[in-house]
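Shared between the two complexes below is subunit A, which pairs with subunit B and subunit C, respectively.
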Partner chain A sequence: MKRFYLTGAIGLTVLFQILSLTLVLLFHVKELNIPLLMFAVLLILFTFVSVRLVDRLMSGDSYLILIVNMLFSIGVIMIYRIKPALGERQLLFYAIAVVSFFVVYILIRQSPDFWKDKTLFYYLATLFLFAITLLFGLTHGGARNWIELFGVQIQPSEFAKIPFVFFIAAYYANAERYSRTVLFGRLRLGSAVLMAATYVLIGLFFIQRELGTAVVFLFVLLAAQFAFEKNRRLLYGNLALAAVGLTAGYFLFDHVRTRFEIWIDPWSDIADKGYQITQSLFALAEGGFFGSGIGLGSPGLIPLGHSDFIFAAIVEEMGAFMGVCVMLLFLILFYRGVKISMRQSSNFYSALALLVSVMFAAQGIIMFAGVMKLIPLTGITIPFLTYGGSSLLSSFILLGALQVASEDLRPDGEDLRTDDEDLWANWADEGDWAKRSGSGAEEVGR
Partner chain B sequence: MQKALETLEKIFFSDLIGGLDLYTIVASVLKFIFVIIVLYFVVTIVRMIYLDIRQTVRSTAAANTYIKLINRRDQFDFPVREIYYVDDGTTIGRGKGNSIVVNDPRLSKQHARFILSEGRFYLEDLNSTNGTRLNEIPVDQPTEIRNRDIISLGLLEFMFINRGEQ
Partner chain C sequence: MIRSRKRLAWLLFLLMIVFLGLILYLSLFQLVSAGELKENAYNKRNWMDETKVQRGRFIDMQGKVLVESQPQSDGTNKRVAHFPYHYAQLIGYNSKVYGKSGLEAKYNSYLLNIQNDNLFGKLKGNVLKADIGNDVHLTLNHRLQEVAHQALKGKRGAVVAIEPASGRVLALVSQPSFNANRIEEEWNSIVENKNSPLLNRPIQGLYTPGSVMKVLTATALLENNVNLDYEDKGSAVIGGYKVVNLNGKAYGSIGLQKALVHSSNVYFAQKAVDLGAAAMKESAELFYINKDIPFELPVTKSRVSYQAGMGQTELAASGYGQGESLLTPLNLGLAIAAVANDGVMKQPFIVEKVMAPSGTVLEQAKPKTLSVVGSPANMKILQAALLATVKENRSAASIRGHQVAGKTGTAQTSSGRAHAWFIGYAPYENPQIAVAVIVEEAGGSGGKIAAPIAGKMFNYWLNQR
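For the complex of A and B:
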């Protein structure tokens, strides 16, 4: 039965890709050439092969790659429709990203234990990625977040998300051990130190004017504390601190205040600062339920319609229903992530699964709500949807980690039974088993 | 190539009636189809998830019978759970189609099966290469299995628990 649905879902994705690619290639018929057609065929082929491979070879979740392929298809169609040259590059990035998904999967799956306790390394890697932007960064659209490497422009802050998620997950997986470690003097390596370390990162991104990334990092930290922190006072303290920080940021930094002002009243400065968001609102209104049809609207008028504002472009040409579908796809992706986290018996991979899905969801929510003027807008990428090789690659790498986490892994060292006596001691303690076996039951009937 | 493209452009972008070209018509029809496809895709995935959840709920209802691993888990280099629920027709083996999948090279693709008949559980060996033992006695025909019996498959040892019997 499940196999039947899986085939159906692949069929629907491929059908969508064929129809929409044909339409959008027709729209830019002057641009058509052989390599482009090859890229289009490659997209369909890679979608089909990646889903099949995941289903055949991996014992984990096969929904993730399905959902992500659909999201990517919707995004790349829109990018190609607005800027054919960028769409072509995005298709190329996709091929690289899918390959790296499998590479990362194999790399982590080979030795899952290796990645569990490299907390300091992850932190330093995040800092390093920040430092190279600061040293060699090119300023691009108000934020200094690009570096050039071998002629390719890279956005290190996108890649910084990967070690950051690993860092928080590794800390909470080993929290008990760390809370016993004494750093120097009377300072213990507890959750407060973790918070301080994370705030250093958030502060650095804040200064670099990457508000969006800072907010996403804060989201991930809060989610981790909400799920794993035993000392609840730290969580409430952090929430209060975030509120205070936001207020202070409003009064101290001009660029933060500007964003709030645009959010409250974009219409008074419609020609300059409010231009982006008002164009996006016009596009959303223009779309209606089913949109204008691909190629029949004018999403080219939205600044950055292929990247930050892609959601507005999608709604204009494919309709509010498609907008809802995109959010639903993100919702299912998040649900799967939480489910994976709950049934994973290894602490590290359980935390990793939760935090990766929180990362995806936070990016989605911030941009969907921002484009609709529900919250002040900060420019970040929507994973799998917006244009950008760095974003796509880092999202697929995180997805690879999530894919590993969806498999049965052996629990971390301290969870293992130490001697056979325990077996009999645990005999009456059924609550513990019920937790584990509730998930084991999912295997039945596959 | 160039010529073919020009013909395509002529077909799709020349006026048919009152300023409408073929492309506009196709795009306007397809926009509905796109929404339907993606919505149906979401529905399909939700259905698959629903199947998963229903199975979990049903198995928890049958939670009275399960097998529990006796070996220490860290002595194996393949993942194995502490507990597997057992119901009528539950199969165990290395192949992906089994109810209980354990990737132990000593297991056969389809190794053994549990049968529930008139309230009693039976264990049947499915012609496995290395055989199945029940309380150290090889199983050559469907054998009744009772609470706290020990099932051995390769190096794996499970204790059968039937709480209805306890």
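For the complex of A and C:
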């Protein structure tokens, strides 16, 4: 039965790709050439092969890569429709990213225990990635977040997400040990220190005008505290601190205040500051529920329609229903991440699974809500959807880690508390890991 | 580290709520605010067709291009009205900031060649994009429009010229006007101008008709076989209110023709009362008073309130065009055209046809009859009376070589300055043009101010064309 679902889902993805690619190719029919057809064939091939490979070679959750491929397909088709050259590049990034996904999977899978206690290394790596932006960064779109390496533009803040998630996960996996470690005098290495260390990162991004990344980091920290922290007061304290920090940011930084003002009333300065968000709203409105159809709308009018505002472009041409589908794909991805976290016996990989999922979901939520003017807009990437090699690569690396976490690993937990096991036991055990339940018939079927 | 499935489940639950909220918000957005946003003037999508398609032209009956789009060096098209003041209200403006008005708005789909009528047509239009829009050919004659436009220059007023046999509108002039090419630059001064240049006076202006209304009352009297003889003593008390002729002049024993020639107020006041409100109302409605006149652009409804049991004073006043009566110039133009056309009132129209660049005619107007206001026999009587009215008063509407029939009016207004009216047609035997002229608060009589304008138009149309 599970096999049937997976095959069906792959079939639907390929069907979607064929239909939408046909429309995109028709739209660019005047420029139709061999590379263009290659683009279409490669996209379908990559998707199909990556899902089949994961399904054949790995014992974990085969749906993760499938969901991600669906999101990527929607995104890259939209990017291609708006700017064919960028679409081709995005497909190249995707190929690199998928390879990285397998490499990361193998790296971590070979020695899962190696990765679970390098807390300080992860933190320093995050700091390092921040520092090189600060030192060699190029300003782009109001944020100084690019560096150039061998002629390739890289966004280190995208990669900083990887060590950051590992850092928080490693901290909580080893929290009991750390809480016994004395730093100086009476100061112990506890969750308060973790919070302080995280706030240093958040603060640095904040100053660097990467508000979006700062908020995503904050989300991840809050989720970690919510899920794994013994001391509830820390979570409440952190929430209060976040509120104070945002308020202070509003009064201290002009660029924060400007964003709020644009959010409250983009129409009074529509030609300049309010331009982006109002164009986004026009695109959303133009799409309606069913969209104008691929090639029949004007997503080219949206500034950054291929990156920050890709959600608006998708809704304009594919409709609000596709927008809902994209959001549901993110929700399903998050749901599977939570399930993996529940099932995983290794503390580190359980925490990692949850935090990677939170990272994906938080980025999605911030951009969906921002583009719809539900919250003030901060420009970040939507994993797997927006144009950009850095974002795609870092997201696929995190997905590789999540893929490892979805497999059975040796428990490393020192304190496996199961205070509410009975309540959720049934719910979690109705898992659909076909291979775990190990039905003989399916083994034969393969 | 705490391993709690409950906490994880709560986290999942929280995010599900958030995603659900986003989905609901997107749906509500589509249902509630999307419609308004689509129409927003800043939404460039509304102008995409404009830049891609060369908007169609407006062309007069002789093939003269009135408005066209000229391709610019930057690939866009610029809308150019060649006579920006002549058709500013009628053809209207086409502005990215202030939208579209007049026929530019009404024929937008044709001009841009957008088939919006069904989903298939819309899709087809999107896929097979046409580069050139369709041309709108008007029934107007630019030269005649020019005569009226110049004659009204510096005044406030309106001119309507109609071909009686068909209902074709030959000229439709509104003054004061504005420059349709400079709508964006001059918007504020246009809007703030207390003379309302944006108002399309011939179809939207409501005016007290004064004595020109007597033509309509005469039709009602003839059609209802009212005794047309009357002893005019210069004034009469009707319903407790004293009606007087101009300068209190008494004309003695008169019939319908003399009453029209001398424009006797007393005569038409008394005869309207004799006829009664019901019959007056019936006749007025044949003239499309209190009814919507079908036309390419919305026409304000003319109002004369005939109610059963209405006061005799009000009924008497309506008989000679005073009191609460308010008519549009187009309505009066139609009325005189109907009289000229032996009682058959044709539906007015200003768009002759819409033609695709290939020459295919997409829409062709056909003359239609709106109503029959009177029998041919009665209309002959009225026509003779109107001919006598122009002749015996040596009206300025008279022209060389052709006989003109018509009636002047000098309508009293609350401001104290009278509106000058003339409605008439020519030639008498074979009417080719019917005209209604009004000059607002002219400070002179219809005979002095409005009739000469009509005369110029008759002269151009019949002698100089």
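Rule of thumb we're sticking to: the second predicted complex is superposed on the first by the 410 of 446 C-alpha atoms of A that agree within 3 Å, B and C clash if a C-alpha of one lies under 4 Å from a C-alpha of the other, contacts with A are read in each partner's own complex, and residues count from 1 in each chain.
Here, a contact is a pair of C-beta atoms (placed from the backbone, for glycine too) under 8 Å apart; a residue touches a chain by one contact, two chains touch by 3 or more.
Just so we're clear, the structure is a prediction, and the values are computed from it rather than from any experiment.
Asks: Please indicate which partner A:293 is in contact with in the superposed arrangement: first for subunit B, second for subunit C, both, or neither.
Replies: Both partners.
Asks: Between subunit B (first) and subunit C (second), which does A:328 come into contact with in this model arrangement: first, second, both, or neither?
Replies: Touch status of A:328: both partners.
Asks: In the overlaid three-chain picture, which partner chain does A:9 touch, first (subunit B) or second (subunit C), both, or neither?
Replies: So A:9 only meets subunit B here.
Asks: Let me test your reading of the model: by the given contact rule, A:359 touches which partner, first (subunit B), second (subunit C), both or neither?
Replies: Neither subunit B nor subunit C is touched by A:359.
Asks: Please work out whether A:229 is in contact with subunit B alone, subunit C alone, both, or neither, and reply first, second, both or neither.
Replies: Touch status of A:229: second partner only.
Asks: Scan A:175 for contacts with subunit B and subunit C and give back first, second, both or neither.
Replies: A:175 contacts subunit C only, not subunit B.
Asks: Of the partners subunit B and subunit C, which touch A:108 in the superposed model: first, second, both, neither?
Replies: Neither partner.
Asks: Once chain A of both complexes is superposed, is A:66 in touch with subunit B (first), subunit C (second), both, or neither?
Replies: A:66 contacts subunit B only, not subunit C.
Asks: By the touch definition above, which subunit A residues appear in both interfaces, subunit B in one complex and subunit C in the other?
Replies: Subunit A residues touching both partners: 292-293, 296, 328, 335, 416-417, 420, 423.
Asks: Would you tell me which residues of subunit B are touching subunit A in their complex?
Replies: Touching subunit A: residues 1, 5, 8-9, 12-13, 23-24, 26-28, 30-35, 37-42, 44-49, 51-52, 55-56, 59-60, 63, 66, 68, 70, 72-74, 79, 81-85, 87, 90, 96-97, 99-101 of subunit B.
Asks: List the residues on subunit C that touch subunit A in their complex, please.
Replies: It is residues 1-12, 15-16, 18-19, 22-23, 25-27, 29-30, 33-35, 37-38, 40, 42-45, 48, 123, 126-127 of subunit C that touch subunit A.
Asks: Quick check on the complex: what are the subunit A residues that touch subunit B?
Replies: 1-2, 5-6, 8-9, 12-13, 15-16, 19-20, 23, 26-27, 29-30, 32, 34, 59, 63, 66-67, 70, 74, 290-296, 317-319, 321-322, 325, 328-329, 332, 335-336, 407-411, 416-417, 420, 423, 433-434, 436-446
Asks: Mind listing the subunit A positions that touch subunit C in their complex?
Replies: Per the touch definition, subunit A meets subunit C at residues 172-173, 175-176, 223, 226-230, 270, 278, 281-282, 284-289, 292-293, 296-298, 301, 315, 320, 323-324, 327-328, 330-331, 334-335, 338, 341-342, 347, 350-351, 354, 358, 361, 365, 368-369, 372, 374, 413, 415-421, 423-424, 427-428.
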